Structures are given as structure tokens and as C-alpha cells.
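The structure appears right after this line, and notes come after that.
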């Protein structure tokens, strides 16, 4: 503040180091031999990318990236590696992924490298040659008063571009239905994921009891402040999903039955509320057009329902298909 | 050099790296990882173009689209993991058969 | 400004601990010692950093959040260190 | 002051390169996981310094990172346990540990390394 240029130099230095760390973590996530190592690099990569969003001034995106990258992606991918290893009898590294490491360079590999580099260069050139534009900032700022909220990102998500968000919540549901449709007939009626258990008086169970109150509070806080400050249904829903997963992993509660009517009601609550508000709005003016007088309560209602649906959908997506000791495991599964 | 230029170019490089990994890795889970690297590279490139004016705040419309995109990317990854697990259950493999190799899908257990 | 000096000294000290943790994770000979180095040094470093930054916080809510962040980090580090160490020990047992 | 905070943040980021090296090197999965944990804690520190340098609203991001810091590691220890869903503190040998040994035994034989 005393010296503007020193601050600028420090900022540029930070950005350069951060970009190097992102590229390094991303490169290792793609090239490292060990499968588990690649997954860990990808988790770390998510943390660095969240920092980059902060530097770009996109706090809402940084919150989403941090919650998904630090929480759910790691749980999903680590679980996937473990279950694949159990199923195919390989732990992490298998012969085929060894082959594609740095050591072997066939002609096709070099060609692939050149093509990828060309894509990067073309995109970088296109990015640099873009002319500066004000984008849609002015339009959003001019209509922010009519949107019912003061956080422009939330205004865009729920009000101005409600279509995108409505369809997105339906896409999430479609992904979950796709995942469920992969279950074997025998598994239908079992609980998703592995059968979790933990020592009742152990550290894991204690952590599972200690964290959820804070997590729930923070998830609700994220949704609540989303109308005026960075935050919103996606960030809050992700935190709630993580808390729910933790309680399941700590053995404190079983995963829900997918056939239960209650969990299905929660899953569709968000899209349903969003859609019905949109249809009612269609009679009052336009589909998904929120009348300015009621915009704020309507947005809060939509966000609350969306948060619950997103939390339940994400948690069930991460849990995955049923599995565990009861299933035949290992290479015996193969012909 | 502004933050947006640095991270925009970083995003362009990530897309290339992810593309390389996506093409060269036979292991399906590694492809899924590479696909995610491509995705976040695209988000970074897009977000950086939205943050180019140093004076103004970041454009909220791309931010909203990116948030939607990140959540959908996770959903797609979860579906992909489910597909890989189901494929490994049926065939006992984690890679797709090579071109020309005799396809041996095996007898599904169910 | 004395508050600024306190902040800088505490943040600098915090950085030293972070670097000590990194040195530990690079230099220590086996999994369990590395685990030990990292969980202690890191959280002291974060604590010093947070104490230093608390002098700069614009309002009490921010100070509260800072304390909450440290509490969360300590709980997380304590839990994971215990669990990962136990898990690593079991892996050693089964491989022998 | 903001130049100082950014400089500190840069140094902290650089120290995380050591963790990246450890993730690359391994050798045990536990080493990789704990190095990721170090990046998580360091990342919280970097966010705090950035918040002090520019915008205190960023503290929420640090709170999310700190809140969810343990999740990957917990998933990891669960995956490492004998049946892929247990807890390393459960004692699989003696039933006196207060857990039901029958939930653990079936997966043990094929998974022991």
C-alpha cells in the first residue's frame, strides 16, 4: 500500500510461482507412474487451482473448487483406486500404466506430444490476441437491483441464467440415475458404497462426531450469505455432502437405501421447486422470470431446496455402487 | 504481467497436458484424471478471459458458468468411475482392448 | 506501527516452522518420522501465522474465523496423523 | 504491508514444492497422503496471507479448506484397511476390541500383502 510497485512485483512473483506449481502438479498427475500417486497429485492440484481462482478475484469459484477439490474429489478417486485394486488384483501400478511413463517414447507418443503442444500454443495465442472487453459486467450490474440479491454470481445463477442452473441440477440427477443403472440386479436393494465400520471409541468416530456440527453450520452459512457475499447453494451443498459422507465413513450412520422414498424426495426437491417456481413465473411473465418484488424470498427458497438436493446427489455419486467383502472380489471375477 | 495473462496461459498449457495424458494412457482411471485436467484448464482459460480488465471485478456470468461446470465435472467423473468399476467387474481389466487385438469381453458374471 | 511489526515477526516465525516441516518431509528417513515432523511443525507454523494476521484483522468476526480455522486445522491434523500412522504401521506388519 | 504478505505467500508456496517432491518420490502411499496433507495446511496458510493482502472475505475459502482437510486422508486410511471400509484402530485379531470380528475376517486373506 505504501509502495504500489513493490506490491505489484510481489503479486506477479506469486502468480508465476503458483502457475508453476499448478503446472507441476498437473503434469505429475498426468505422467507419474503410480496410479495412487497420480490421484494424490490431482488432489493437490485442486488446492493450487483454488488459489488461482482467488488471485483471479473469483471467490465464488474458489469456494466451489476448494470444497470439491479438497473434499469430494479426493474421497471419490481414492475410493476408486482402492476398489479397482481389489477387483483386478493390482495395487496402484499395473504393467500397462508403467508402459506409458516417460521412459518409452514411440513415434506415436511424440506425435501426440506435438499435437497437444500445438493445441496449447494455439489456445494461448488465441487468449493473448483477444481484445479486452467489458463482457457482461455492466449488464449484470445494471440489473442487480431487480434480481433480489446483491451477490452478482448468485443473481446470474438463480435469476438471470436460471435455465443453466435448472438444467444443471437435472444433469446431476441424470448422472446419479446413470450410476445407479450400472448396478447388478442382485445389488439392488443393498446400500450404496462399501459397508463402513469404525472402532466406536476411536479417533475416527470421534472426528465424525466433532466435525459435523461445524460443517452443518458452515454449510448453512454458505447458503445464507450467498445472497450478498461469495457463497451459495453449490458451495453449501458440497460442504453438507462432505459432512454426510464423513458421518457415514465414521460408521455413525449407514448409507441410505436407494429405494427409500425419503431420499428420492430429497434428490428431486431442488429441481422440482426450481421448475415449479419457473412454471408459476411463466404465467406471471416469463418462464423462470422471477418478479422483482418476490425475487429475494423466491431465490432463498430455490437455494434451500437446491442445496439439499445437491448435497444428497453429490454424496450418493461419491459413494458409488455397492461393494465390499460380500462380493466376489479380485481376479476371480474375470473369466 | 497481469494475473489473468499468467493463469490464462497456464490454462492453455494444462489443456495440452491433459490432452496428451488422455490420448497416451491406456488405464481408464488415468484417462479420467487427464480429462479432469483438461476440464480445469478450460475453466482457468475461460475465467482468466473474464478477469482481463484489471480495474473491474471479475465478470459474474463466466463465474456462474464455471461453478456450474465444476459441479457437473465432478458428477461426470463419478459416473465415469462407476463405469470403470463396472467394466473391471465384467472383464477384470482396467484398460480398453487395443485395436486389432482379439476382443475378449469374457463371460459376465451376471 | 507496532502492530505491523508484530505481524511481520509472527508471520516470519510461522514461515520458519513451515520450512522446518518441509525439510522434515524431505530429509527424514522413514514414513513414521516424516509424519511426525510434518504434523507438528506445520500446525505451529499455521498457529503463528494466524496469531500474526489476527493483528491485521478488520473486525472481530474475522478474528473468530481465524481462530476457527486453526481449530479445524488442528483437529484435522491430529486425526489424520493418528489414523495414517496406525494404517502405515499395519501395512508394515502385514508386509513382513 | 500487502507486498510483505504476498512475499510470504510466495515463500510458503515454494516450501510446498518439497511436498510435491515427496508425493512424486513416495515410497509408501502413506508418505504421499501425508505430503498432500502438508499441501492442504500450507494452502490454508497461503489463503490467509492472500486474504490479508487483498480481501478478508477470502477467509471463507480457508475455512472450507481447513474443514475438509482431513477427508482425503480418511478415505485413504479406509481404503488401506483390510476390507476397504474399516478403521485402522479396529483390532482385527482380538475380538476384545469391542468390534465384531466377523465383519473384518472375510476380506483379510485375499488382501494381505
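Order as written gives the chain letters A, B, C and D; numbering starts at 1 within each chain.
Methods note: a contact is a pair of C-beta atoms (placed from the backbone, for glycine too) under 8 Å apart; a residue touches a chain by one contact, two chains touch by 3 or more.
Model, not experiment: these values are computed from the prediction.
Visitor: Sort the other chains by how far their Cα centres are from that of chain D and give me the top one.
Guide: The most distant chain relative to chain D turns out to be B.
Visitor: Have a look at C-D versus A-D and report the one with more C-beta pairs in contact.
Guide: Of A-D and C-D, more C-beta pairs in contact link A-D.
Visitor: I'd like the Å distance between the centres of chain A and chain D, where a centre is the mean of that chain's Cα atoms.
Guide: Chain centres of chain A and chain D, defined by C-alpha means, are spaced 18 Å apart.
Visitor: Distance between chain C and chain D based on Cα centroids, please, to the nearest Å.
Guide: Roughly 12 Å, centre to centre.
Visitor: Please work out the Cα centroid separation of chain B and chain C, and write it as a whole number of Å.
Guide: Result: the chain centres lie 32 Å from each other.
Visitor: Nearest whole angstrom, what separates the Cα centre of chain B from the Cα centre of chain D?
Guide: The mean C-alpha positions of chain B and chain D differ by 23 Å.
Visitor: By residue number and range, which residues of chain C touch two or more other chains?
Guide: 68, 72, 75, 79, 83
Visitor: Going by the touch rule set out above, which residues of chain A reach two or more other chains?
Guide: Chain A, residues with two or more chain partners: 11, 55, 72, 81, 83, 203-204, 207, 211, 214, 323.
Visitor: By the touch rule stated above, which residues of chain B touch at least two different other chains?
Guide: Nothing qualifies.
Visitor: Taking the top-of-page definition of touch, could you list the pairs of chains it picks out?
Guide: Every touching chain pair, ordered by label, is A-B, A-C, A-D, C-D.
Visitor: Of all residues in chain D, which touch chain A in the complex?
Guide: Residues 1-4, 6-7, 9-10, 13-14, 16-17, 19-20, 23-24, 26, 29, 32-33, 35-36, 39-40, 43, 46-47, 50, 53, 55, 57-58, 60-61, 63-65, 67-72, 74-80, 83-87, 89-91, 97-100, 103, 106-107, 110-111, 113.
Visitor: Would you tell me which residues of chain D are touching chain C in their complex?
Guide: Per the touch definition, chain D meets chain C at residues 1, 4-5, 8, 11-12, 15-16, 18-19, 21-22, 28-31, 33-35, 37-38, 40-42, 44-45, 48-49, 51-52, 56, 59-60, 62-63, 66-67, 69-70, 73-74, 76-77, 80-81, 87-89, 112-113.
Visitor: Using the touch definition up top, name the residues of chain A that touch chain B in the complex.
Guide: 11-12, 15-16, 19, 22-23, 26-27, 29-31, 35, 38-39, 42, 45-46, 49, 52-53, 55-58, 60-61, 64-65, 68, 72-73, 76-77, 80-81, 83-84, 87-88, 90, 94, 96-97, 99-100, 109, 112-113, 115-117, 119-121, 123-124, 127-128, 130, 132-137, 140, 152-153, 155-157, 160-161, 164-165, 168, 171-172, 175-176, 178-179, 182, 184-186, 232, 234, 238, 310, 313-314, 317-318, 320-321, 323, 328, 331, 333-335
Visitor: For chain A, which residues count as touching chain D in their complex?
Guide: 1-3, 6-7, 9-11, 13-14, 17-18, 21, 24-25, 28, 32, 34, 36-37, 40-41, 43-44, 47-48, 50-51, 54-55, 59, 62-63, 66-67, 70-72, 74-75, 78-79, 81-83, 86, 91-92, 193-205, 207, 211, 214-215, 218, 222, 229-231, 235, 239, 242, 245-246, 249-251, 323-326, 329-330
Visitor: Flag every residue of chain C that touches chain D in the complex, lowest number first.
Guide: 4, 7-8, 11-12, 14-15, 18-19, 21-23, 25-26, 31, 34-35, 38-39, 42-43, 45-46, 49-50, 53, 56-58, 62, 65-66, 68-70, 72-73, 75-77, 79-81, 83-91, 94-95
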